């Protein structure tokens, strides 16, 4: 229900006989990629550096914002609602026209690539909302995660099912019929299917029950330690800070505090104003 | 969500400028004579009058779509139903028509409605089970036979009454302007019935129900001769304005015309059209006033809320189905009124003419081009599109004339020139696409 | 206040709610927790009239309200918020609030033509009330913002604000906390507490954030697989073995790998 | 001086496939007159086309309004369908005092309409044809027929008058039901006709519209083998479409003895169009009538020449066939009388419509044969 | 009692024609439903796309016939079909490029796309007429009947005849094949799943590495193929006339909506529901009753409603069906 309401939130044409209410996108899928350039010496694995930009012709949301993640590490972004966390993620993924700044991955400057090509370049992303295909079955959702892969995906599929047994039970059910938390699990599973070189998660634990959240964090740690860098936005700040190798506090689209998770947790002011501790 | 993106503030002058431009088009049509314009006030005003009627229709559609997001694809039906009113209200009574079977027809219709009412009541009151199904079916079948038993002979009798000239019940001989209200009431009643069934269910039911009711109403008008002579048409429906011939024979008018430098013939045509125009304008403005008053008050706010998010509005205590029914009925009433006005102006009721392309899709084009949700936009879109629809008849072939000018004489050129009538469609399509391209939210978008 | 008796809701063969019975006491803030897919939202939707139950009854103040449509429940004082915010996106924040009260004179189309004066007066009163609520929620700087442009947490506040425009008796909150900054969540919790104390609202809250539940709710009801698993004070529930196993878990297993 | 004549036909819309051949017919008459150079001392006539859409009364009115008030035409060949014709006649032509001669509007309503002597038509009244058709059918020894008609005033009027005449003469009409033109499928209609039965099927429709669709479906399902075709169906198209499948079918359309229609067909062929299309000949006649009346009145003012239309169309005078317009003009210029017969046997009766002579045709061996006239 | 004759009469006048008509509607509805499902708008230009594809096919058919090429008992038009499909595909792709793509990039409200399709409808409407004129064209050749009335009667000695046209059989067979193929394609192949994914959630499809423009292109090509096939089969069975192809749009939409827009199976079911209710409800059962109850001589035709209301009847039936089965015949993609 909710996905459809969102897609059609602002106009009277909710009538399904005229138009299909399923998610129209926000990204211009027709944009062509530009060419990639060389990275810079000493770059982290993935870095969005000094990014400034906003949606469409609207005002800038990001102001000189820098986010980076190293191989084998977990970087966490926190901040108040509306700070621009999701926007920063989208910017790194090329879903936003940056006015300034660059995005570099694995020694290449990919600022000019369109999102499709970033997927091919090895980036995996779970958006905050609209992160499943509601009318496709759970299994098909996962298969779509592996769309760019040409090898055998069965093994990865089993791994995901192992990770989320609740979802495994419902593999033949349409994902739109799942409960809020179950959808979230499918969404993360979908990203894992990609076998990306870097994984970006926007609030993966929103609405999942504590036990699953713990599982999820465990899994994320395991993934990161396996060498796959993870960049995520979290509101469950305390748990997130515990596992973060690097943490960014964003306020109004700019970096407010940066440090390791432990450092930020130790900072009283940060904890009170942003982490709710 | 990015659909808001192009909602960036529009200049407050936008609407006035566009209306002025539109007015200029009509002035050009009335004064300049070249390959584009006809230079005849009669033509110009004739187009304008029909444009005003279209504007009222578009206003009705806009209420349904723009205010509430209800997709009505049966506009043609409600227009046609409204068009029935002038025949029944204003035509003189048919001698012998009533006595032939009038009361019996009414009785049979009452039986038909009663049967339906009884069946619905039974369905509601009786508990679930096979008995209920049987009882309802029984009532329906019995009712159907009683209805047909009463109806068929009455109709035969009425239609046998001088079929070449009448064969119908005839009207009440009342003033034709009264029929505008009655037309609205007819359409409202039909909309209520459709809405009762289809609103509040899955939304594409409404689309199919309106598509169906449109077809059904037109089919009834075509085939029920006792009502309005069916395809044999009703002509000479009384006018609320003077006849040109009478004016031309009125010395005072002739003198008046010559003083203004017009021939009596030309002036009479213009005068009649101005009379119509004033009537239509009054109706249009009153409707817009009422609509704007409603829209700029808590009622309008509630409608916007419902359109924005039905689920939430329902949770906030708004009876969405009832509101939908209300706007659907109101919008249809306005459409019905326009239908009656159109027939009044044509002086003719010809059900064959009601085809969905012209009376449903074109109206929709008007609403969208004007800017859905905005009353003034609908008016602008309606008058403009109607103007273009009529002018496309001339501009289309002109266009092909220009396009083929460089071609060598021969089969191809001749073929193209021969088929130039179809440029009407192409020209219309081009205009529509261009407007949509450069003003996708309509010429005067909703604020 | 609310009594749910042996409620069932099935989707095809699947029993999303499978014989749940529970009561929500007047004046309480009742928490409702349970694993993903336990049937909490479904239960909410049945109570709120969005979904018809397969069987069972819902009773409010001794009155059977099973299957009543949401708009009638609203007028009985039963309000709810949504797991995903349902704001009226193209309307301003203030309008979002002003549209809430029922039985406004200006909501009858006839009156909009002939009762202008009365509508004006009512509107002024509503505007005042809405501004009061916005002050209370500390978002008065957003009064004229389009609701669609608010951030996630602000939308949740707005949802809460709507319940304050009328005298609600009971408010159902579905995951107000998901995706909301924890500091802001504290503010929301305060707001809920104040409403409960000052205005006597009854609350029923679904939430996965145990800090929030612990701070706010008494009693807490735990659902699992469509049934009520346990009920008790927040502290009791967090000690309950069954609940820990089904829902809470024991924390991160790989703690040793953290920060490695 | 140039005189403009309007041609207002439905070039787009439901009858769009009939309009071009009709317009060509009218233009051919004008061309013939221009070539002769005999109209009012060498005045030439120019055709101005307008698209009446056939279905949309408002658009048709606007078109005629333009033709009259902007183009300044002195007479109009049109409209095409009755509804649209009535609307433009009542609202525009009458108001401006312009003569309209319709080749194809057959509604009885037009008979009784208050027209100030401005309206004429060259197609026969439905009542007359119904009678003739009833005679023909009975003479073939067929006593029981099913009738299907195109659901407009032409079809309905013709079907009703046929049924009345046929039953009065002792025949039996098993069913008299409508079909709509331009529909996707006629199975339901044919199923109903077949169930009602009858020795032949009367198809009161248009050959390039639903009429053919019904015949097609009736042949395919074996519902009927013999068909009766009135004027809207008689044309080359019916032969092309059905060839010898309609062996033994028959029909009639207005045409006078003396091969008026044959001549016309030949002329049309030379001009490069199909003159056998429905109402094409009638359109030629309509234009010819206007021009001859102008010549007779020696004026292009409709208020003057409208009174001459009946004169040139009826006796006394020399019979004028298609292609003889020059001759007619000569006679008129010489002060003589003409009796225009034309391609479709024009014989105007009060209040200005053709009484019609009909020729009877039958379909044998995949060809249309003229059997006789009545 | 004469069950055989009653059955044959029923088959000949009700079942076979309705089935063929239903299949024609279904093929049309399939195209509408596909565009709706994947590109998310109701394409009013579909009828005219059908007309255009058919017009091209006819032109090619004439060429082939002139060259003396034929398919034996089958219509030559089948040979020309691929050319028709290709040309139509090019046309719709060009239209997409020139018209729809702009709104897609703008993320304009979907109703705008619907209205744009009305504009395209007008354009194609004119284009087809410029191309081939407004007249009726016949292009059917080959064997007309699989079995005709006369042969059937001679063969069985029954009073009632049975006719089955080649085109009717062809329509049914092709409709079934096409639906099966489309189903298989959408549910089993990677491209098909990509199309469904795109339809569900455009952004997420993009984030999974699906190229949206490719999906759109593929959709248009399939839609063009469906339209041309539907148009040609319809033209073969009836006759080609541009105006009729606009008129057929209405029953096609009715079929698509009834079956549940966006659902291919629904399109098929919808087509048959519309066709059968049109024919069966208005069928006078007199003749069949005569065979079944020889002694009974009713004076009416035993017709529930006149054929002039056939379309209305089918709508009423649809609404009643939907009232009692609110999810539609097949669950479509609607609110």
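Just so it is clear, A, B, C, D and E label the chains in written order, and each chain counts residues from 1 on its own.
Here, a residue touches a chain if its C-beta (ideal position, glycine included) is under 8 Å from a C-beta of that chain, and two chains touch if they have at least 3 such contacts.
Because the structure is a prediction, the values reported are computed rather than measured.
Treat touching chains as neighbours and tell me the shortest step distance from chain A to chain C.
1
Taking a step as a move to a touching chain, how many steps at least join chain C to chain D?
Tracing touching chains, the least step count from chain C to chain D comes to 2.
Touching both chain C and chain E, which chains are there?
Touching chain C as well as chain E, we find A, B.
With centres defined as the mean of C-alpha atoms, identify the chain lying farthest from chain E.
C
Using C-alpha centres only, name the chain that sits farthest from chain A.
It is D whose centre lies farthest from that of chain A.
In angstrom, rounded to a whole number, how far apart do the mean CA points of chain B and chain C lie?
46
Averaging over Cα atoms per chain, report the distance between chain D and chain E in Å.
The computed centroid separation for chain D versus chain E comes out at 35 Å.
Find the geometric centre of each of chain A and chain D from their Cα atoms only, then give the gap between the two centres in Å, rounded to an integer.
Here chain A and chain D have centroids separated by 73 Å.
Touching at least two other chains at once: which residues of chain E meet that condition?
In chain E, 107, 109, 111, 129, 133-134, 257, 261, 306, 308, 332, 334-335 touch at least two other chains.
Considering chain B alone, which of its residues make contact with at least two other chains?
Only 1-5, 202-204, 207-208, 222-223, 308-309, 311, 372, 422, 424-425 qualify.
Residues of chain A touching 2+ other chains?
Chain A, residues with two or more chain partners: 5-6, 9-11, 13-18, 26.
Give the list of chain D residues in touch with chain E in this complex.
13-14, 16-17, 20, 151, 175, 177-180, 182-185, 187-192, 194-197, 208, 212-213, 216-217, 220-223, 237, 240-241
Using the touch definition from the top, list the residues of chain C that touch chain A in their complex.
11, 33-38, 40-42, 82-84, 86, 89-90, 148, 150-154, 175, 178-186, 208-210, 246-254, 257-260
How about chain B: which of its residues touch chain C in the complex?
1, 4, 290, 293-294, 297-302, 304-305, 308-309, 311-320, 326, 330
For the complex, which residues does chain A have touching chain E?
Going through chain A, the ones touching chain E are 3-4, 11, 13-30, 93, 95, 115-116, 119-120, 125, 127, 130-136, 140, 143-145, 147-148, 190, 194.
For a test of understanding, state which residues of chain E touch chain D in their complex under the given definition.
Of all residues in chain E, those touching chain D are 12-14, 17-18, 21, 24-25, 129, 133-136, 138, 148-150, 161, 163, 165, 234, 238-239, 241, 243-244, 247-248, 251, 275, 278-279, 282-288, 301, 303, 306-308, 310.
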